[in-house]
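Take this structure first; my questions come after.
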Amino acid sequence: MADVGTLNTTAAGIDAVAPKLGEGPSGPRPRPAVSARNIMLYGTLIIAALYYLLPLYVMVVTSLKGMPEIRLGNIFSPPMEITFEPWVKAWAQACTGLNCDGLSRGFWNSVRITVPSVIISIAIASVNGYALANWRFRGSELFFSILIIGAFIPYQVMIYPIVIILREIGIYGTLTGLVIVHSIFGMPILTLLFRNYFVSLPEELFKAARVDGAGFWQIFLRIMLPMSLPIFVVAMILQVTGIWNDFLFGVVFTRPDTYPMTVQLNNIVNSVQGVKEYNVNMAATILTGLVPLIVYFVSGRLFVRGIAAGAVKG
Amino acid sequence: TDLEVTHWWTSGGEAAAVAELAKAFDATGNHWVDGAIAGSGGTARPIMISRITGGDPMGATQFNHGRQAEELVQAGLMRDLTDVATAEKWKDIIRPSSLLDSCTIDGKIYCAPVNIHSWQWLWLSNAAFKKAGVEVPKNWDEFVAAAPALEKAGIIPLAVGGQPWQATGAFDVLMVAVAGKDTFNKVFKDKDAEVAAGPEIAKVFKAADDARRMAKGSNVQDWNQATNLVITGKAGGQIMGDWAQGEFALAGQRAGTDYTCLPGLGVNEIISTGGDAFYFPLLKDEEKSKAQGVLAKTLLDPKTQVAFNLKKGSLPVRGDVDLAAANDCMKKGLEILQKGNVIQGTDQLLSADSQKQKEDLFSEFFANPSMTPEDAQKRFAGIIASAD
Amino acid sequence: MTGQARAGRPNKLLRNLNAKIASIPMILTALVIFVGGTLWTVFYSFTNSKLLPRLSFVGFDQYERLWAAPRWVTAIENLAVYGILSLIFSLVIGFMLAALMDQKIRFENTFRTIFLYPFALSFIVTGLVWQWVLNPDFGIQAVVRSIGWTSFTFNPLYTPEIVIYGILIAALWQGTGLVMCLMLAGLRGIDEDIWKAARVDGIPMWRTYLFIVIPMMRPVFITTIVIIASGIVKVYDLVVAQTSGGPGISSEVPAKYVYDYMFQAQNLGQGFAASTMMLVTVAIIIVPWAYLEFGGGRKRG
Amino acid sequence: MNASVSIKDLSLNFGSVSVLKDLNLDINDGEFLVLLGSSGCGKSTLLNCIAGLLDASEGQIFIKGKNVTWEEPKDRGIGMVFQSYALYPQMTVEKNLSFGLRVAKVPQAEIDKRVARASEILQIQPLLKRKPAELSGGQRQRVAIGRALVRDVDVFLFDEPLSNLDAKLRSELRVEIKRLHQSLKNTMIYVTHDQIEALTLADRIAIMKSGIIQQLDDPTTIYNRPRNLFVAGFIGSPSMNFLHGELVKSGDGIAFLANGVIFSLAAYDATETLQPGRKVVLGVRPEHIKVNENTGGEEHDATVDIEEPMGADNLLWLKHAGHTMSVRVNGARRFNVGAKVKLSFDMTVASVFDAESELRL
Amino acid sequence: MNASVSIKDLSLNFGSVSVLKDLNLDINDGEFLVLLGSSGCGKSTLLNCIAGLLDASEGQIFIKGKNVTWEEPKDRGIGMVFQSYALYPQMTVEKNLSFGLRVAKVPQAEIDKRVARASEILQIQPLLKRKPAELSGGQRQRVAIGRALVRDVDVFLFDEPLSNLDAKLRSELRVEIKRLHQSLKNTMIYVTHDQIEALTLADRIAIMKSGIIQQLDDPTTIYNRPRNLFVAGFIGSPSMNFLHGELVKSGDGIAFLANGVIFSLAAYDATETLQPGRKVVLGVRPEHIKVNENTGGEEHDATVDIEEPMGADNLLWLKHAGHTMSVRVNGARRFNVGAKVKLSFDMTVASVFDAESELRL
């Protein structure tokens, strides 16, 4: 952990004006609470924060305006008259083709896709990572290296072979097929995370469990899993966002009645009826991003911890 | 029976038109399951093809009229509609007959054309010209001449959206208008690279160069946003297919008073006969196959044709329907059609691959003022030389 | 187990059997999908497959055409510019934010959440938002002009020369939060005595960061670079959502070329050739790295 | 004053936790002062305050007579050596040594000279071109010391410099540090929780507990005349044996009574302070109890419970009148578990503590 | 045979690195065997082989007469205690203790009984409901031992169980483990690199170096009659003093000559093996040299170089005829640096090694 030392490193850097003479400064501490350093530090942070918040602000503000107001111009000005009409429309009324039920249908489809995909891809990747970290066998590292290199392959390249494979297995177009696709493309990074995490756990723990008579699955389920909350949170966040936000697979590997929310979003945003309804688009955009955003806000702290444990080592 | 139909008709006018198809189909006791995918054919087509090749085909799907589904047919993935076509005598009613030819492979018919779209239209905003204080032009040359006045009034002379097919389409239109039907056919039908490199086409590139200059400042992507610039008078005109009419209609504008349409850019009154067609993947389910037949039949039903094409702003594929309700522009189109001043659409003449290469070229040309017309023409000739 | 003394070594294949069974998904993915799919792709890149793969070989034709296509060359150039800049800026900005966050600040959680939230949004959403913020008629340019600075010009998305920077801005917005998290984790892993030693030695803070701390964070940087780089190669959605490759072809990227030619142009052979070139590029970059990281010297058995 | 480092009323709080409390300490010029205490007692905190790495909440710090309370570490004339070595891993040994000087823009010739001198003193010349990762623990620690050495500082601060090393290396480096101090004669402040290091190295030891200095004295005094129970128990391994009981009159002198057994205190070094009736604790070190050696004095019966042969010594754990007692005898003398033995206590070096105040009487 | 654990020709390679080489070892029933060696010599590797956590490359392992070379760890009748405690952090102490039993599906009543017994023996009853994070280091290590205890195993394996603890706790737990062994009488194999632990705990010590056992003997023999130079130098703190020289005739007996100084070897325990002219190394432990105590025998002049007072003892580093020598004297005896002293060597417990083969003569 960075500590007081670090803090003062900076403190000293900027605050070179502290009294220097042999004269005993016996009074109060000579360091003001609002120092030049703090102004710099927080100033920079706040400016950076503004840059990051700006688009969100624009999205929210726009989604609350009426179209006439948007046409007037300034995207940064707060709404003169707040209307929730765009939200209602985005959620329940916007049309794609003949379907005019907005995002609501896609939402539940997304849930139906995301939940099993996240669970299964994490389950597979965590077991892989565990096997790689604790039960190496001949060739395991080779497969792992292939997997990591696979992380660099653009998805588009893989679509065709996968379509063929799924067709041959006969699960093309089913939810199972989509879950498998998500598991496959989540595997490289997740396996890397889990492997690094399990490697960082003390090996002696694993040995102790073996001496205690626990086998491959028992050690995994009863010893490793309960200790892996942070990395599971990281995996969960990455997968929830990845899968929830996925457009390509969702559209290629499902059918219209199971299209995820992003496809719906694309339809709404790209089905322009005359003028683009920016307010509805923004509302739809926010609604679509809401689930991963909430996941982040709730578990952000664990995310950093997990990242520290899983990504940095190894 | 439920039949899933995929298409990329999602803009306002399009969606209204699809609704007519669905209504007609539902009236036969079946059910139209709508599978719209927004974002133009470029986004939707791969998805449709993946599903057909992936073994999870839909009941029917839209493709552009032309060669897009050729290989699917050859791979035996599509349903043979010859039975329906013979029963319904499509050969007799569909006009121009080239439409049905495009559906025919090895003597069998694989698709049901639903409409004719022509590209060769210049849409002008009357309000914009009024504001600029010039007459509404009657042909391309006048339009080019009026451009400075429009610019001075803060109006973009020509609206061109950022999507690559718009620039390509505009060029094809200019070719017909400037160089004429024969040259067009020599280049695209016969793939004559010499002509493509020749002086006739150089003139076309000159015109395209004008268009490029006039299009500066239209910061929009989608074609209908560009149309909207014309509708709102922010732009003087747009070269766009007849589907743009749907947008004008939706905005409550009337041809003649609010906007003006110039087929063949007012120079050469020739229109192309591209369009949309429905293809029917081969299904195992007997019931559904039967429903596919019903749908095919419904699509070409005169009543459906009228209802659909009125909303869509396109021309019906059969010559025997009454389009009394059609507006001025549509009537102009029908007239030209009647006269037989037609050419085939580039989608029908060129493979998707060549089309894509053309798109790459023209979207670059339109966006990059430093690319000279001569350079562009050289590349164009190259594409034609290797086209299939 | 009979308790009877067993003389020989048991069957090697059966040892560690559970681990092997559990790794089957990984092995299948690695072999069938990644290796198999890649080989399949490379194989068919030598054919002139159109809409459907077919075995009519044309040698290197597809590659010749690929490298003759201005759009592909532009795409590669864009990827190079975008890749290098986004790597540099992600690392620099991510590191600087992390360094600021590491100063025992108040509201650390708030700031972290703010920096990280864009990462929860998809590239599609990112592209849409920034398309809008950068739109010359509504966005920053219009706003600045409306407050009086009428000659102000900032219109990256419709200016071919700088459009790639417009995409970069959005990409950085989306991705630097994660980099910051990684860097923060790395900084927190630095022995605090190093800081003290540097202070006692009288080394100014920026030099401590530059010459001591950053070199010590090599593993973090490697992980981060892998994550950023794998994202860079794949960049597609963002471009599609923000510019669709425009204006013209000035913001095209290789992944989009692959997609467009495979599916829109219905020329699989061309698409496969392009993907193969991408894979070759990736391999040139990643294989040496993978060898260094995973090949030499096992950490433990 | 000739104090090299002088700490006045120093207090330090982390938030609401007070870690150092009103601490006063004067360290003489050239003195080797060891701060000894168990983990968490505030040793490192104090050292960091002296180095300027932590800001005091209250109080002042003087080095060489100059008030440095608010000076930067680099301006205090101190050099510091850390437990984890804190070498810059990507720099060679030479760079590690010279980095601070280069930053301070010392001329290259001067840098070379100082690096040469330091590496000669520490005998690390052959290592100059290596990176820290290529060094053994002991070599690394030597380089870390070198880094303080080149900076020509007045005061050396060591924070448990040897505790990451194994026993053998530790005792070697201990000797080296002692030699270094004998030849440099700088002031050195050395934090450790290893009492052997403290006893062998220190001119004076400051024993700390919860941020307060319990006793500040030379090692012999600390060992033989611990000021209170804490110090007595802390120093010495194995620990001093403590017997709880009370003082009683015995003959004309005074004696100690515990569990019905009487120990004469006639030989105690401060009998005058002992008053009968007082509850006290008698502390006797394991090596101050003789086993089966007839000294002519008082003898006590005991039984051997456990024997721990340690080579040169043999440690016996004995049961004696309800107490367990450890006794150190020569390694060559072996006993059977359960053997009955006779003990005699050397009261001249024993300590008697008040049971309540825990102070030595 | 009555060997509890028997290792035959065991070899183990990691890739191309050979860590254990043809190792043979028989451990008696109820014996406390300590594996001692410096870091990286293969102690943990050997222990892991016995536990079944590593597969031998060659050779066999028998426990209680049964060939367990290819058995799973749980079927070998062993329990293991690790340096880092290796407690399952998410389980309470009770769950930690019973985990192995629950995995083995032992009935609950039996589990309770065994946990109760183990926690009584180790006095951890009050801790049963706590999680490991709420325990001190010593308590954790006790729980770790308990985990082996409940499983009722034949052989206990300890891998440096105390090296994460501080000195005081270490010596306490050492005594506890010794007591545990005295009461349980199980076979115990204990890995450490701390010689004090080895000397105090072991029935026999196996000293390892680079995967080879150098000497396997009881502590006294190891300490007083080290088989070779390595063992001699490794055991004892401070190390044995080594003088390099040769054997010469002196009178009718034999003597040792180094740097021109003659040491009589008349009292050496195996004079018959000594031949004049041979190059040898004389080893004398620091406590076997007397300072200024006239023993009537041979005396040598020396100068005090460094003094390291350690409380009970005082360690002197002396210069003597070109050698540096450490000598241990009583802590009460203090010397000034530079003082001239007289040394006498106790040759009855000295060792003479062949300079070439390094074996004791």
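Going by the order they are written in, the chains are A, B, C, D and E; count residues from 1 in each one.
In the analysis below, contacts are C-beta pairs under 8 Å (C-beta built on N, C-alpha and C of every residue); 3 or more make two chains touch, one makes a residue touch a chain.
Which chain is which protein? Per UniProt: A = Carbohydrate ABC transporter permease; C = Sugar ABC transporter permease; D, E = ABC transporter ATP-binding protein.
Predicted model, so just to flag it, every value in this text is computed and none were measured.
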{"item": "Contacts common to chain B and chain C (chain labels)", "value": "A"}
{"item": "Centroid comparison with chain E (C-alpha atoms), farthest chain", "value": "B"}
{"item": "Gap in Å, rounded to a whole number, between the CA centres of chain E and chain C", "value": "54"}
{"item": "For chain A paired with chain C, centre-to-centre distance based on mean C-alpha positions, whole Å", "value": "15"}
{"item": "In chain A, residues with contacts to at least two other chains", "value": "4-5, 8, 12, 159, 266, 269"}
{"item": "Where chain C touches two or more other chains at once, by residue number", "value": "15, 196, 198-199, 204, 259, 262, 298, 301"}
{"item": "Of chain E, residues touching chain D in the complex", "value": "38-39, 166-168, 171, 174-175, 178-179, 182, 193-196, 199-200, 219-220, 223, 235-239, 285-287, 306, 308-312, 315, 317, 328, 331-332, 334, 337, 349"}
{"item": "Footprint of chain C on chain A - complex, ascending", "value": "1-10, 12-13, 41-42, 44-45, 48-49, 51-56, 58-59, 62, 70, 73-76, 124, 127-128, 130-132, 135-137, 140-141, 143-162, 165, 183-184, 187, 189, 191, 199, 203, 215-217, 237, 241, 244-248, 262, 265-266, 269, 278, 281, 285, 288-289, 292-293, 295-297, 300-301, 303-304, 307-308, 311-314"}
{"item": "Residues of chain C touching chain A in the complex", "value": "15-16, 18-20, 22-23, 25-27, 29-38, 40-41, 53, 97, 100-105, 109, 111-126, 128-130, 132-133, 138-139, 142-143, 146, 173, 177, 181-182, 184-190, 192, 195-196, 198-199, 204-205, 208, 219-220, 223, 226-227, 229-230, 233-234, 236-237, 254-255, 258-259, 262, 268, 271-272, 275, 278-279, 282-283, 286-287, 290, 294-295, 298-301"}
{"item": "Of all residues in chain B, those that touch chain A in their complex", "value": "4, 6-7, 9-12, 15, 18-19, 22, 32-40, 43, 46-47, 50-51, 53-56, 58, 222, 224-225, 228, 231, 247, 250-251"}
{"item": "In the complex with chain C, residue positions of chain D that touch it", "value": "48, 51-53, 72-75, 78-80, 82-91, 99-100, 103-104, 147, 151"}
